[in-house]
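Taking it in order: structure first as structure tokens, then the write-up.
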Amino acid sequence: MFQEQVAKKNVIDDDKFHDECGIMAVYGHPEAANLSYLGLYAQQHRGQESAGIVSSNGRRIWHHKGMGQVAEVFPEDKMRELRGWLAIGHTRYSTAGDTVLLNAQPLIAGFNKGTVALAHNGNLTNARQLRRQLEDSGSIFQTNSDTEVILHLIARSLKKDFESALAESLGQIEGAFSIVLLHGDRIYAMRDPRGFRPLVMGVISRSQNLPLGPELGREECYVFASETCAFDLIGAKYIGEVAPGEIVRVDAAGPHRFRFAPEMPHSFCIFEHVYFARPDSTLFGRSVNGSRDALGRQLAREAPADADIVVPVPDSGVAAAIGYAAESGLPFQFGLIRNHYVGRTFIEPEQNIRDFGVRLKLNPVRSLLEGKRVVLVDDSIVRGTTSRKIVRIMREGGAREVHLRISCPPTVAPCYYGIDTPNQKELIAANYGVDGIREYVGADSLAYLSLEGLRNAVNDKAGEFCTACYTGNYPTKLTPANLEALHRR
Amino acid sequence: MFQEQVAKKNVIDDDKFHDECGIMAVYGHPEAANLSYLGLYAQQHRGQESAGIVSSNGRRIWHHKGMGQVAEVFPEDKMRELRGWLAIGHTRYSTAGDTVLLNAQPLIAGFNKGTVALAHNGNLTNARQLRRQLEDSGSIFQTNSDTEVILHLIARSLKKDFESALAESLGQIEGAFSIVLLHGDRIYAMRDPRGFRPLVMGVISRSQNLPLGPELGREECYVFASETCAFDLIGAKYIGEVAPGEIVRVDAAGPHRFRFAPEMPHSFCIFEHVYFARPDSTLFGRSVNGSRDALGRQLAREAPADADIVVPVPDSGVAAAIGYAAESGLPFQFGLIRNHYVGRTFIEPEQNIRDFGVRLKLNPVRSLLEGKRVVLVDDSIVRGTTSRKIVRIMREGGAREVHLRISCPPTVAPCYYGIDTPNQKELIAANYGVDGIREYVGADSLAYLSLEGLRNAVNDKAGEFCTACYTGNYPTKLTPANLEALHRR
Amino acid sequence: MFQEQVAKKNVIDDDKFHDECGIMAVYGHPEAANLSYLGLYAQQHRGQESAGIVSSNGRRIWHHKGMGQVAEVFPEDKMRELRGWLAIGHTRYSTAGDTVLLNAQPLIAGFNKGTVALAHNGNLTNARQLRRQLEDSGSIFQTNSDTEVILHLIARSLKKDFESALAESLGQIEGAFSIVLLHGDRIYAMRDPRGFRPLVMGVISRSQNLPLGPELGREECYVFASETCAFDLIGAKYIGEVAPGEIVRVDAAGPHRFRFAPEMPHSFCIFEHVYFARPDSTLFGRSVNGSRDALGRQLAREAPADADIVVPVPDSGVAAAIGYAAESGLPFQFGLIRNHYVGRTFIEPEQNIRDFGVRLKLNPVRSLLEGKRVVLVDDSIVRGTTSRKIVRIMREGGAREVHLRISCPPTVAPCYYGIDTPNQKELIAANYGVDGIREYVGADSLAYLSLEGLRNAVNDKAGEFCTACYTGNYPTKLTPANLEALHRR
Amino acid sequence: MFQEQVAKKNVIDDDKFHDECGIMAVYGHPEAANLSYLGLYAQQHRGQESAGIVSSNGRRIWHHKGMGQVAEVFPEDKMRELRGWLAIGHTRYSTAGDTVLLNAQPLIAGFNKGTVALAHNGNLTNARQLRRQLEDSGSIFQTNSDTEVILHLIARSLKKDFESALAESLGQIEGAFSIVLLHGDRIYAMRDPRGFRPLVMGVISRSQNLPLGPELGREECYVFASETCAFDLIGAKYIGEVAPGEIVRVDAAGPHRFRFAPEMPHSFCIFEHVYFARPDSTLFGRSVNGSRDALGRQLAREAPADADIVVPVPDSGVAAAIGYAAESGLPFQFGLIRNHYVGRTFIEPEQNIRDFGVRLKLNPVRSLLEGKRVVLVDDSIVRGTTSRKIVRIMREGGAREVHLRISCPPTVAPCYYGIDTPNQKELIAANYGVDGIREYVGADSLAYLSLEGLRNAVNDKAGEFCTACYTGNYPTKLTPANLEALHRR
């Protein structure tokens, strides 16, 4: 397998998780590519390093991909070329330079059952083994992406019709996958049987829009996205989730739902609610903002602090901090201001400015912090280096005491289902106890939310959420070979 | 005078003020241009449409300007060309395409007293008259900018030495000006006698930095900026303001302060505290965040509401909303999420999506708003069109009642001192009473802060703030000719 | 199979052939990618619409491709990323927008025998059949390019070692191929058994260069290119051709040559000598300039004209025109000036200027043409439309008579071996006799070179050249299915 | 006066002259800017480093300038913004990076007589003195360009009407100037009394074009350019030259010609015919190609060589070489091939390739040169370094003898009238005799054309050409102060 060079990660992002991607699909709209663009735009937080859209009129395919944020990748002239009334899109986080363009999604391939374009959110746990088998029987791989395996499986399937081959292939892959797929004049949306990653479905009815053009027989346009915030922007109505283990096909007859796998215990990613998803989204049937508020409230009950004000680490810690403040009765204050004009590259002075990378993003409000005992609320500590810098900045900004509160349990285990966590050696909570972490980050006190508190906050009575990153209990079987391949990535 | 074509304003920004610019200067640092870049970067909110930096080693000058945000205008290779140990910079809002590049600052000119580079924040009220006089005596103008007048006045002055000529020229111009200027191996900073616009001074001491290179005799590097947030990023310590009517010269002997005008009543722009400045800045001796919190608290006392939650219009309404919530005892909630990935251009679907421009920026959190009576806190209503859309979006997001609260009095008069207000015809409060506005924007109730409340909140006992936009009482004499020229712009 | 949109061809190029590509490979040089860049640069005339380079240190691979000319595709920062001491490169003509990037070469793929990068010049005549078979057995295709077939064949081969699999695969493909390939720490160069397209080999000896770095054991660096002009620029010495039916492997032991196919009659592309190749190249053992001079001389003998001057259509007609002039005794004159600053896009006035596209490239020199009887020498007439415009321009420039002389026989049949000829319907000579063409282009007289004269001029006693485009006699078997697939492209 | 950094000249251009610029103007055409673009495009050889166009509808002005070649500076969206029916344009060679943008022309200024845009080809010999006087009386300068002086003089003139002020100002400047100027709804074209630089006038009649739009009363559109090749491309008919000392005004009443200076002896730049102008242009009433052919013939008579072939240094030496070959009876051969794909930047291998810069542009054709005695014809030797490399390349390409023939006399003196010659110290012919030069460049023989031969070849019986670069006899008075200022540049 060929390797690619890995660009140095941007120093200011080195302590956060990165979701793999956001996906989007549109069926039956004369501006399918434009709506996909907007859906990706609204989901930009799920991946800012590359984007791609494939559109079709059911007979021909148009596509464009590139490195960068959605608005950079798709100038107006590119958008005009993406014709047709079906489209799928993908936006993703990746770690390297533009040599990675080969890996950018949607992937497109032609084979014996026609041409397929596919966009995938999640991580397959048996991709390497499948790849080896496929290579052994003569398949060639043009990307490093797990996703390419799926295309090969469909092509290799002995099932004659496309849908049977698709269902068979999905039965062979393990791990997390939410997928949208374009085949001929149809859109397919599907989700792994445990439902790790979200995938929601919506509709744009004719009453909200102008006539849809002569070739579009239906009155409704159907859309799919990773998060509901994509629907809000394009005026689509949320219908519900693509169920775990389900395939939804949309064609001229409308949506048709069928299962490719038996029912199985669910493993919704709790971290989507803790950190990743936009607060205005609804995922796994719950409001993200509501979850975070509840996490903050629970945290205030479990780990109160003798303090003057509650300050969030923006933006992801805001909702939990509001909950914490409300529950504790302490005043909520924006004591750290985030600079929203951060461009892609910047000049760093050669003469060292301490914690420069964090300062570029966050600036303390001295008038608020001066002499105060502060509860600082964040959503996670990964390596600990960024938290250490933020605590230091708080003190330089005048805070007398800094009581760090984390709105989830300690992150002790890597994710193999689509969250880009560092490996265990780099996870500070996998190597130190809470007091060791407190000492390292320099806080006056440190508390995490309990696992039970976490489950309560999201009302997880049925145990439907995956909490492997906090417990190390992975819901799928991971063979030693799986694990070795996953770690080598 | 030649005219330029005016690009259509971005539809989503059509209802907000735009400050003219942010300025920056650095004396005595081996990375003067880099620090200026960072200072402009931190002040990006003061103007995002063009940027420029001029640097010098006291003998030669290097410069670069361009259209766009700071990080776009100055890629690394451009920065490397900006050598020397003195620099000034400018970032500005402007309304037109790149044909405006001629107007971009800093302006540079050579004349009988050497070469000068100059960056100006503010608006001169007698620029047109001065320009006409200068043209009549044979001066040529290569920009449309008021600022060019200043250069001509210095060149025309009969005073032999540069500083006397500078002081004489400043005596001839009226209105608002905070200026940084590079002349030979000196930096000058100066502010109009009423002090309309802010201008702060800071120092970077050697203890924080490495040796400054052989040609730099001093241990301190001096910096100037519109706002203190620029200092935080580059590790500079805030010393104080350049006083109204004062010139500060920095050269090898360090800073030297002298007045070019007698003391005069002050007219600090209140709107910097209400809306423009970054909350983590200190301006006119006060914390901006502190002012906004006080405005919100005062507003809660003056205009309470029978409601369930307090929601800000982000980002500028946040601090006042927190104050309102704290004072009123109502819960503070982030009921509108701002999309921070807004690029410069975007695709708008041809099939109309209602309030699309605002939706692209702001999305309601349904789980928070559903069935709630909401106090919506914003910092101003200009034309009313955006407020109307936001109220509508709140209702569509589930809000049962929307009680709009504005953290300043009604904006009834245009600003002639550097804020880009629309003219009186377009200001809704200049044409309708509070109830008419309430009806137009569709709120259940609407209240503005009182003028007295505003003054109290910023503790303006001495009447040092200009509140002309709320009263129409302009602190400087504006002749009919002045006004006509100002309106024609 | 998925389709791509086809951009409108540039109007001014509509009447010329377009070769598919130029290729380049470097083994054993510390600046392998830089030399590949320069080799592509020198072969830019073989394809100006996309370019790609893959480099390697024998363990890792780096790559970059893009749309545009070599100097556009590879700015300095991209070149710096292409490390290692082996490299292959490709530059190509293509007909569509950047959606074609998927097709850009070199292709890279990982499979059971490692990772391979491959660049191909030529056209396979049985690619569609092979593709269908491969798809039927489960292969997926990510490009529209014939070349991908080769990768699949190698992957599917039951031969265990790479070289045997490679040789076996080459035995399955038909048509024209000159290929350079990078596999592990080796470079391979190979050419189809008939040798349609050129492929030359050269050496850079240590005496001409600095030490080659510690990891490079050998004193010689080996290079391959489509044309020798690539060697001149990088200071490489021409050794000879890769023989038809031969594979050359270069590794630490130096070059090793072996055959993958039995000897077969040769079919060197005569059109490389007539039009495509650079005149300073040596191809198929002959100087291109020498061939063209001989073509011109032969043409003068076969088709003299009662005229005053000989004028070439620049640049490709120049050498033949010099030969014609020398043989005929008529003065050679540059009566058409070519504008060499033609950029990629240009403004065309809406108000029609006759023959604008051709005028942009060619301008007549009135002082030379005024009242003259001109022999106009060109290398081919394809559709006739451009020739017609040029004749018209000559007359408007003052020429009294225009005697058009073509330095090869009429082009009556499309090429299936790598030259992008239009189909038969569009070839004027396939549809009209010489007099009909003369009438259409508006010349006073028209003559083509005879087939026998062509063979004599390139001294083709052994019948080693392919002249199918002039005769319709194709040297390889083309089944009806082949032809249909080739025409559908 | 402020200085700018000077970028290192491109190494491969280090031995050639660079003209200052080409100019263009269009009156009365609905696509005035487009035609200006095409006129600049056709004159691209006169300056490739920056370009600018100003257009107007008689009331408003639009403009765009940038660094780079015309096609780079003016993408389609920029062109669409340049509305109106009058336009002037400028393209220029310059030596520095984009900091020079301030100097780019056309210059635009507003003053007491309205707004003026102006484009200038040539060099003023008293600009520095005038500038000092203007600065002393209070003018400010925003460029380093001589041209700005002209604007100030017009603004300072006591004449009330614009034309009188213009004429008065032209009387104050000395040296070389061909100028086009846009003022209100008029175009002006003017030329210095000695006529150093060319300026031609043409017309586009309605019969060649569609109706010109309602606001354009006239049936003819008038155009001006430096060279007639600009007219050929846009379908304009050459009328004649703007006479030395003449101003041509074009307005609704059509063209009106009047003198601003008395008749004076002419000083047409001979170097335009020897090297600069395009061969298909007509300048100073003569065909450039005709002049070059005559120079080559005369050179053959004056300096025959016992040789086998005549080879030009392309492109500028081609016409003279054809003349030489015709006169001498030796065969003309293209023994050096020029690579026309030279991009702006390129990769140079770190490991030295001898004469790389020249090789990138020129490649010898071994089959032609092998064993031959070659007459190599070039248009000039400046520093001698490039000639030395070319002679070496010829020998490496197989030439047995190289007889260098230069189609003009030795260049012994710098030009002060618009040609960017190096100073005398760097001119090899100012420091060495012919034999010393021959030895340095390594030729077997070297001969220059005689001054008398040069005059005969261009039929200069009346002594109307300036030959100062070959004689040091400058046609204008140059005071020591003049010279010092000119040398300091």
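In order of appearance the chains are A, B, C and D, and numbering begins at 1 in each one.
The rule is simple: contacts are C-beta pairs under 8 Å (C-beta built on N, C-alpha and C of every residue); 3 or more make two chains touch, one makes a residue touch a chain.
These numbers were taken from a predicted model, which means no experiment stands behind them.
At the far end from chain D, in terms of centres built from Cα atoms, lies A. Rounded to whole angstrom units, the spacing between the C-alpha centres of chain B and chain D is 47. Inter-chain spacing, taken between the CA centroids of chain C and chain D, is 37 Å.
With centres taken as mean Cα positions, chain D sits 59 Å from chain A. With touch defined as above, chain A holds no residue shared between interfaces to two or more other chains.
Of all possible chain pairings, those that touch are A-B, A-C, B-D, C-D. Within the complex formed with chain A, the residues of chain C that make contact are 1-5, 60-64, 81, 97-99, 101-102, 107-112, 115, 135-136, 138-142, 151-152, 155-157.
On the chain B side of its complex with chain A, the touching residues are 30-31, 34-35, 37-38, 41-42, 44-45, 48, 69-72, 74-76, 79, 209-210, 229, 232-235, 278-280, 282, 287, 289-290, 315, 318-319, 322, 325-326, 331-334, 337, 339-347, 349-354, 359-360, 363-368.
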